[in-house]
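Structure, as structure tokens:
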Amino acid sequence: MSWTTADPMVSLKDVHKSFGELKVLNGVSLDVMKGDVICIIGPSGSGKSTLIRCINALNDIQQGSILVEGQEVNDPKVDKLELRKKVGMVFQQYNLFPHKTALQNVMMAPVRVLKQDKVKVEEVARALIKKVRLEGKENAYPGELSGGQQQRVAIARSLAMQPDVILFDEVTAALDPETVGEVLQTIKDLAEDGMTCILVTHEMAFAREVADHIYFTDRGVIVEHGPPETFFQNAQDPRTKEFLSQIL
Amino acid sequence: LDTIKERGTLIVGTKADYKPYGFLDTSGAVIGIEPDLAKDVADKLGVDIEFVPVVSSNRMQFLEQGKIDLMIATMTDKPDRREVVLIPDPNYYSSGTNVLAPKSLGLKEWEDLRGKPVCGIQGAFYNKATSQTYGAEIVAFKGTAEAYSALKGGNCAAFVYDDSAIVAKAAEPEWADYEMPLQTIDDAPWGLAVALGEENFAQMMSDMIIEWHKTGRILELETKWGVTNTPFAKAMHDKYK
Amino acid sequence: MKYETDLPVMLPLKRHQSAPFPGLKSKHILAVALIAIIGPCVAFAQAPSGQESPLTVLLNWAPLLLKGFIFNLIISISAMAFGTAIGAILGLGQISLIAATRHSSWFVTQFFRNAPWLVLLFFAMFLLPFEINVLGFKIPFPDWLKAILGLSLPVMANVSEIVRGAVRSLPSGQWEAAESLAYTRMQTLWLIILPQCVKRMLPPWMNLYSILTMATVLASIVGVSEVMTLTGQALASEGGRPELLAPFYGFVLLLFFIYCYPIARFTVWLEKKYAVIN
Amino acid sequence: MEMVYEWFRTLYQETGINLPFLYDEYDRNRMIDGLFTTIKLSLVCLFFSIIIGVIGAWLQGSSFKWTRRFVSVYIQLFRNTPPLVQLYFFYFAIGTLLPRVENDWGGQSPIFGSFAWAAISLSFFAGAFNVEIFRSGIEAVPKSTVEAAEALGFSKLQIYRDITLPLAFRVVLPALNNNLVNLVKTTTLAYAIAVPEMLYEANQIWSDNVNVTEMMVFLLLAYFVLVGILVSGMNRWERAMKIPGYG
Amino acid sequence: MSWTTADPMVSLKDVHKSFGELKVLNGVSLDVMKGDVICIIGPSGSGKSTLIRCINALNDIQQGSILVEGQEVNDPKVDKLELRKKVGMVFQQYNLFPHKTALQNVMMAPVRVLKQDKVKVEEVARALIKKVRLEGKENAYPGELSGGQQQRVAIARSLAMQPDVILFDEVTAALDPETVGEVLQTIKDLAEDGMTCILVTHEMAFAREVADHIYFTDRGVIVEHGPPETFFQNAQDPRTKEFLSQIL
């Protein structure tokens, strides 16, 4: 039973996860097809970050299954490195390597992890930096870049690994309002290029514009989901309604 | 001398790390040949005795300072020292410089030491001679314990030291594989000393030393502390007999 | 304008607050003590028959060595007291408003901080007179006193730096607030600054004490009758038997460990405590 | 050069200030050897103590309880006992327990001489401090930065080598430099086991020439300069290692 | 020529101040009468803090004169301590003495500096703490108080010296929005009691309400000043206009 592009790229089935006593995910199921852009929204502490981290095996799960390209993530035997080559991740706090320039940040993983040729990687990296509109900042250190610029370098760094799917965890939450736009634009470009994206975000307008499907989580379960139009206009569940009324 | 009698105690500076001439017992008391000699002096004076451990670098200053009344501390009698302290004649003991070396090394002459590491004691006057004249590489330690260990540990080929101490050492069973193979050099007498100006005391000490030689006290103590009788002690005994 | 960053890595080093010595308890000290006893046992195996075992020999000497160790502690406490007193003055000199005082205090501090402890000890040993004349009285300068002076030199320099560092570490707002309330400089120093510094100075000061205690054995090199000197003399008295070295030096190590380890624990505890409050 | 030597000889004759290592060739060679030994010993110890620090910090972060314990015991033992006694313990006690090798003068000598033992002992001593220093640096590296590397597929070792260590290193540089300066000062202890370093040679010279005062002053100045050079070098290094945009 | 209450309490004439190369004040003149409340506003870096610090002799000046109650501040011969007894100051960062309780913070200066009787000072101090509405917090240490509470203790501490004029340097800038109000209320009470106040603030609404006169500084000069109504409604200078348009 090998995976084909017709199967879901990422598929969660009845995922349970707790930190000690605290149950964070209580049976989450969702499917993401190739090229899909899905947004996960929900109140703080509802388990969004945990969900997304589980997909990248940064957290393990207690029950259920997570398949990425048909492969079980939570299997202790699975090659985590192989998995992570397929799945990119961008964090809220950018987490660039402060001792490396923007270019080096982008180049490092392909060179070190994928053992690709340095010259070729550099070419690709420069192209990516251009793509996130940071020409001229190649040799700047993260400390010399604004938050929005850092976040775009982080996105380029993820892209350099040529992942099949990218996870974004509230990537604009730590940014000042002026630079949020730049980063969202970059993500939008990606989505339009057909990249499979899973986004956790609080930017409702953006979610509405870019998402193919929206999931609303609360207390570790998916309360409601649907395409943006129906979701925002016809929310059924009272919790969703309340949340939307606060946010919008 | 009067102050000593008044005080009722004779304060003597001796070595504390120079077996068998002056060393510690487990209670911290100083014992050995020199302390025994000092006790004779105290007995003669009819006073108590107190020992102050000294090292080569401070023994003369202590005497000058009046911190000790009498110094019997393996000091080689040298003219320049006689300018600083009062050394009564005759000398009570003597030793020269020699080396302790493993028998397997087969040393024959001092020249054989050239280029070899030789243990020594920091501040000893023969270090420079040994290294400059005979080309040995001096590895100097603070005390004898370290030097003996280094020798046994093979860190040096030989240990250059006072011959009398070496004789005693080589006699011990665990040092059976070691010998004192060379001709003793720099043989020089030891002098005990009192502070300058203490003529009376010095006179008394002269008499005591002659007495010690006459009665064979030195030879007796050598035997008591496990040293084979040295030629100097024998000669002096014969001379004053 | 600094960009927001969650990278404490690039901020000045904060004392790490994790468990200082993970999983190290008194039972581990016991294990250490055990090793110190195994040492002699290993040595015992080599001891030629007909001699007292190294362990017995060590036990014979132990009371004397302990006495010597207490002497080490006396030296350390005196040198600490002395060095702290002068060092505090020197440290205040370093923050003086008078440029000459400030610069000379700084120079003295740096000079004695850069010099090795052992060299300073030699320095005190050989260059101080055996006695000094004060108003016709001869005050003798015994070796142990010189050792105390010699050891208090580096202590002084380090205390000076500790004082300066602690004063510097206070936000300048404290000085300004006091100034604007019309405190004189002296009042500011004694009422506002120094009371706050004491807490900050305590951990490094105790650290320094620990280092000093361990440095007291250096006095053996210059012939003061402390524990290492006595150990050497004891070994000489036992005829320089090489198999005695491990147990004897092991014993000295153990003595220091038993004394210094609790101090280190306490220091770390203090550091943590104050780190939370401030 | 000769003129300088002569000048100092004259200085001695006329003022009694005796600096034999400046005019007497034998003493000069001794002093130069001493200086080089001090430098060599310092460099060797710097190198190994850093290696010990890096490895120790890594082991202390390991998931095996016993390696962590072992490292802790090592640190506490070496931190809380006098380095001089450690030196004696290594040189005399451990040294004699190790196997011997045949030497060129036909005797049996230990595999390690006094220099080697001084290097070993002092490296372990300074290393114990370095482990703690590196450890605190590693803890200062944000977990999220490590996670980012993990998410990029870096292996554990790669993360330690490429991310954690370089960052930790920069954080701890001031503390590390401080410790290394102390280490250089501590090399004087090697004197006690007759390593012919500067203090030892100076001692030999003053024993022979009875010029303690001059030698003492010279020694103090020499160390002041030596340590001063080291400190300024370290400061320069600190500045060079600074990452643009931070601090 | 002795000073009377009819003369300005604080009077600056053509004050110049630079830090090394950087010119921070370029000829500032202003007068403050007894009982006046004046507010200084202006962009960041325009020299507001420096100005106020010069009045308290925390910084010296290169040129011009600063008179407090007719006495030249910048005269090296002047008794700075005497001056500072007349002039109180409250800082942005509160700068309470962390090793003393609130009450001790307030009492310390009168007892130590003015050598007043401890019992009487305590009475006054308790009254002042009540005045800043902190009854019950007398024995709390600064670390145990919120920012707003600390700032009010700092104000009480200043008042305890019975100064003739108090300088406030952005005293609410470091506070969270909820506690700003409490502190502003305290200052308003003071102003209503007739205390002479010089305030640096970014709280325009507050400045408008409380100030008798408003000064706008930019690049070390006073660009414009006037009573609040005219100032806020009829600003003439383009820089003032721009600033107000951004802030309001």
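When the chains are written out, they are named A, B, C, D and E in that same order, and each has its own residue count from 1.
Assume a residue touches a chain if its C-beta (ideal position, glycine included) is under 8 Å from a C-beta of that chain, and two chains touch if they have at least 3 such contacts.
All figures in this text were calculated on a predicted structure; none of them were measured in a lab.
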| field | Both-way neighbours, i.e. chains that touch chain E and touch chain B | value | C
| remark: chain A onto chain E, same sequence, C-alpha superposition: rotation to the nearest 5 degrees is 170
| Given the contact rule stated at the top, which pair of chains has the most C-beta pairs in contact? | C-D
| request: Work out the mean Cα position per chain and let me know which chain is farthest from chain E. | output: B
| How many angstrom between the C-alpha centroids of chain B and chain A? | 85
| remark: Cα centroid separation, chain A vs chain E, in Å, comes to 50
| note | Chain-centre distance (mean CA atoms) for chain D and chain E, in whole Å, is 55
| query | Can you list the residues of chain B that touch 2 or more other chains? | reply | 142, 146, 149, 152-153
| Using the touch rule from the top of the page, what residues of chain A touch 2 or more other chains? | 93, 98, 143, 145
| Where chain C touches two or more other chains, by residue | 3, 5-7, 9-10, 220-221, 242, 245
| query | If you look only at chain D, which of its residues touch chain C in the complex? | reply | 60, 65, 68-69, 72-73, 75-77, 79-86, 88-89, 92-94, 96-97, 135-137, 139-142, 144-145, 167-168, 170-172, 174-175, 181, 185-189, 191-192, 199, 203, 212-213, 216, 219-220, 223-224, 227-228, 231, 243, 245-247
| note | In the complex, chain E touches chain C at residues 56, 58, 80-82, 84-85, 87-89, 91, 93, 95-99, 108-109, 112-113, 143, 154, 157-158, 161
| Taking the complex as given, what residues does chain C use to touch chain B? | 48, 50, 60-61, 63-64, 67, 130-131, 140, 142-143, 220-221, 223, 225, 230, 232-237, 239-242, 245
| query | Within the complex, which stretch of chain C touches chain E? | reply | 171, 173-174, 176-184, 187, 191-192, 195-196, 277-278
| message | Applying the document's contact rule, which stretches of chain B touch chain D when the two form their complex? | response | 102, 104-105, 115-116, 119, 122-123, 127-128, 132, 138-142, 146, 149-150, 152-155, 157
